[in-house]
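Starting off with a structure, shown below.
Order of writing sets the labels: A, B, C and D. Residues in every chain begin at 1.
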């Protein structure tokens, strides 16, 4: 494959009738199947993306309720409302669920929904893999919920330190469920990342060279690459944990040459990038919203991109700052202090660029922007407390205290969830065709903002006063009573705010104002089609003429033709310049990914109980995988088409 | 003030189009989409191998003797396997070239030979487990050695099965041009597996003698 | 952090206050910049090259300032870190801090084996002198933390690390486990008693003594009950037949401030409740409920309370 | 066709759920709620199918130095506990009796030295040594030097009554 074939540029008349015909045909080709089997066969990125988002928010609600229970327990000292056994399960499931079943998946879900729309293609790359990953994620998440309801939930913390989580100190299967939950979510997250990277690199519309890619797409790219390099580490260490527990290997047994710090290294080598995996997509959301509500491109595009990429790299170099108290050599610790501090620079650059963008534009204070402003107020504080934590001496004092709890809720809730909710308000009209209520949205914002600060700000002080994390109760005479009570009352506001958000979503979904294609006048390609988008996304694949795809579009912007509409063809382009180089055909919807996910889940859950799950699952797994890739009717058609084509070329020659 | 959206303007009667109907529908290598999926998973699995190897050396630092109070693994079967998989690169390479020339007969022949090599590697691998001279639950050394070997075995076995399925498809059809991309990618993945056997072989069999 | 009573805690506190003030200042500056950006009276279009140039300059200055502040923080961190890693002088005493689920054992070493003793959940140190701590654990990872005196040090099974602690004023300082260690992580506290050197030495001398012989009939009966019941299976009392070290040593239990690892004050009522059914106080701890008759319980209480 | 897949899915889900259901009893942490007293009369260990109780039993087996004679179940001065030979019976009540009352030739009576709750935990562990327990309850390796195959990897034995050690 040496020579590039170049697409032909010309002018042609496209009548309304032609477009209508095209539309009908595309709708038939890119159909979304119905019925129960159809429901399990869908391969459309928008349907899967929406399911992903809704599922993630269900887990968010569940984990939020658990958080409410914890605040209830901690409202007063020496409380006997929840015993230690249940409390440990609750805080473990809260953390695990928020990190692995909400934060990472919901960001990837947004990517699954938006990236193909933003880069101008008809579906995500490897759509069946995408469906598979969703079901694996769903089954894994349901497994954790069920364990919580059956008193079998992990009770060793979301970090699952050995030896506490090892076979000797956590009998039963609680920690095994944790380890396998990790496997479930990692398989899903890794698969989605590969799809996103392939989509972003290879399926961009002509003209969208790397330096014209929307910042949201950049942030998803960085996130996906971070997932690809970080998650293998936790897959490895949680598998080792499972092996230790199930078949008696000695990875973490110091008496037989293992080491419990090995777990911490492997876990945090994933665990720290994990924070950025959650946070970087949020940066993309913030950029999207700010540019849409100031009607100006983000100030300092190149600096923003460089910062995102730098964050992705530096995020891998600072895992040891979670292990300052383990007694590692001082020189090593100082290196990690420096690295942890350095990562504040790219974040600072982005904050300054956003402020400059707001300065330059004329902000319109709709709910999405208001949430982004809330993000500034909360996240900057969380970021600064993060810088203080990077300093070894200070960290030794506040490590594993409520100061840290306050810090990461400021960073994760403020840095990721506020932009995310803003993003939901922002993209809701695109996803459903209806606007969310703006007035309720602002009430919603203030409830969440005030509730958040009342809940989490006192925790800074509690931590500085010496209250450790992960305690199910605390003594009466420590002077921690008032602040804990205040914090619990704030949690009440958060619950109300969360409920109002759900109410607004449901109400707007049914009765909201119908929105236009581009209600905010935003710049990116997803706003160019109808709301909600048609199954095939773009009637004509657009040609992108500038960094702001819609704002820079000339009146006579070219469109792409010559992609077949009777089969699922998509345009594949060059990595750097998005030059069209070939055309690929995506597969039809299929039930096999679902079945494969069922078998995979069976294997994962079975291997909690017995190593025989592996040999038993191999055959069904092979069957479903072969079914997945086995030639379909379409392949036979295609083989015949190709033969005809060859014959025609041969005759012509 | 309105959004700077020029698209609201009425399009002219004739439109500029970029006709891509001339572009190829079947491509090999990194120009195509499939390659990126394969590469993505190779990177992920490669990272897992790297981490497992790092763990091996980390565990080495925890004890004074290596292997701790166990005999060294026997060299014969591991080395035999190394020779086998290195030799198998040849049929893999030829199968790939044939696939990229859409030469069905060639693909059938060389894929068969590749499958035979693969089966041989799996059979030899079974003997390797006995030659390790340790059990996974003896100590941490045994655990990591068994894990490394098993991780690689899973890859070998998966790709052998994969090759068998592809061989069946090659024999039964329909052989679309995209199918030839699969034949080609299969060899690429086999390269990846063979390439990883070299450092894993050195670690499992030679490191206990050197460290 | 607010109330430091030792050199480590003080150095951390100074550094910490500096960090916090710096953070507050930066936060205020950023927020003010944001508010100005939002509230600024603006022209219709502000894309002139002049504005862009000015913004670029301002952003660059802000980034440069960030770098300067961060370098300052790193430097300050390294400087105050130096003082924390190595003790301010030769250690007066060396204590093994051993973590158990869910109590602490402090082992005081001595060249004479008979002078070695343990002081569960209560660490006595001389005022004004550094005390070397060897941190270790017998089961899972714990973390030794006395907020008023020092930062944390993890107790990791299979690894022994050294650190130090020092109090500048006499007093009782509460510490607590800071690494999640299972059911009763919340109730794994300790007391550090800092006292002048002569008091400390008197305490050491007293702790080396074997247990007091029971003086009254009830105490004698209590001792018999103790030795013939389940108590003796886990607890040691030096000078008697009780020699098991599964639970905390009780040789001088009555001299301690708290029971159940800082959970309850060491009073007769609490002790009675603890012996009868510790699971209702600290669910999941390793001490089983003891179905003693009321008479036996009173006798054991009398005996244990006599172990000063 | 639809019906087939629906049935398959339902079956898969149900089998998953049944695995979970077994979890309830396995995962209880019975710190004090147990009616230990009635257990003896019912000839049933209160820690049957309870992973926590079995694991506590394993810890106590070590701490009370049972291994001093029984050597982690392999046998030494005392009879092996890992084989299928049972001199005094393998029912929970028999094992309870052996521990509490002692047996001739060296097994001391632990009456009043080990509380009933802990004896029952030991009973649960001794039973688990020969695999008389479901696989999800059996303990795995401990954080010590390896002495034998972990309990959950051993072949289950059928106890046989013998009269010679």
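Here, a contact is a pair of C-beta atoms (placed from the backbone, for glycine too) under 8 Å apart; a residue touches a chain by one contact, two chains touch by 3 or more.
All of these numbers come straight from a predicted model, not from anything done at the bench.
Measuring from the average of all protein CA coordinates, the nearest chain centre is that of A. By count of C-beta pairs in contact, A-C exceeds the other of the chain pairs A-C and A-D.
One finds 51 Å separating the Cα centroids of chain B and chain C. Between chain A and chain C the centroid-to-centroid distance comes to 39 Å (mean Cα coordinates, whole Å).
Averaged Cα coordinates give chain A a centre that lies 44 Å from the centre of chain D. Separating the CA-averaged centres of chain C and chain D is a span of 37 Å. Counting partner chains per residue, chain C has residues 139, 157, 183, 283-284 touching two or more of them.
Multi-chain contact residues, meaning those touching two or more other chains, occur in chain D at positions 29, 31, 141, 143, 146, 149-150, 153. Residues of chain B found to touch two or more other chains are 1, 137-139.
Each chain pair that touches appears in this list: A-B, A-C, A-D, B-D, C-D. Within the complex formed with chain A, the residues of chain B that make contact are 1-7, 9-29, 31-34, 36-37, 40-41, 43-45, 47-48, 50-52, 55, 58-59, 62-63, 68, 100, 136-144, 146-147, 161, 165, 169, 173-179. Within the complex formed with chain B, the residues of chain A that make contact are 1, 5-14, 125-126, 129, 190, 193-194, 197-198, 201-203, 206, 228-229, 231-233, 235-236, 240, 243-244, 247-251, 253-254, 256-259, 262, 265-266, 295, 362, 518, 520-522, 528, 543, 548, 550-563, 569, 571-572, 580-585, 622, 626, 629, 631, 635-636, 638-640, 642.
On the side of chain C, the complex with chain A involves touching residues 1-2, 9, 11-13, 15-16, 19-20, 23, 26-27, 30-31, 33-34, 36-38, 40, 42, 46-47, 51-52, 55-56, 58-59, 62-63, 66-67, 70, 73-74, 76-78, 80-81, 84-85, 101, 135, 139-141, 143, 145, 147-148, 150-154, 156-159, 161-163, 174, 176-186, 189, 263, 283-284. For chain D in complex with chain C, the touching residues are 29, 31-32, 63-64, 112-115, 117-118, 143.
Remark: chain D residues 1-2, 5-6, 9, 12, 15-17, 19-21, 23-24, 26-29, 31, 51-52, 54-56, 135-137, 139-146, 149-150, 152-153 touch chain A in the complex.
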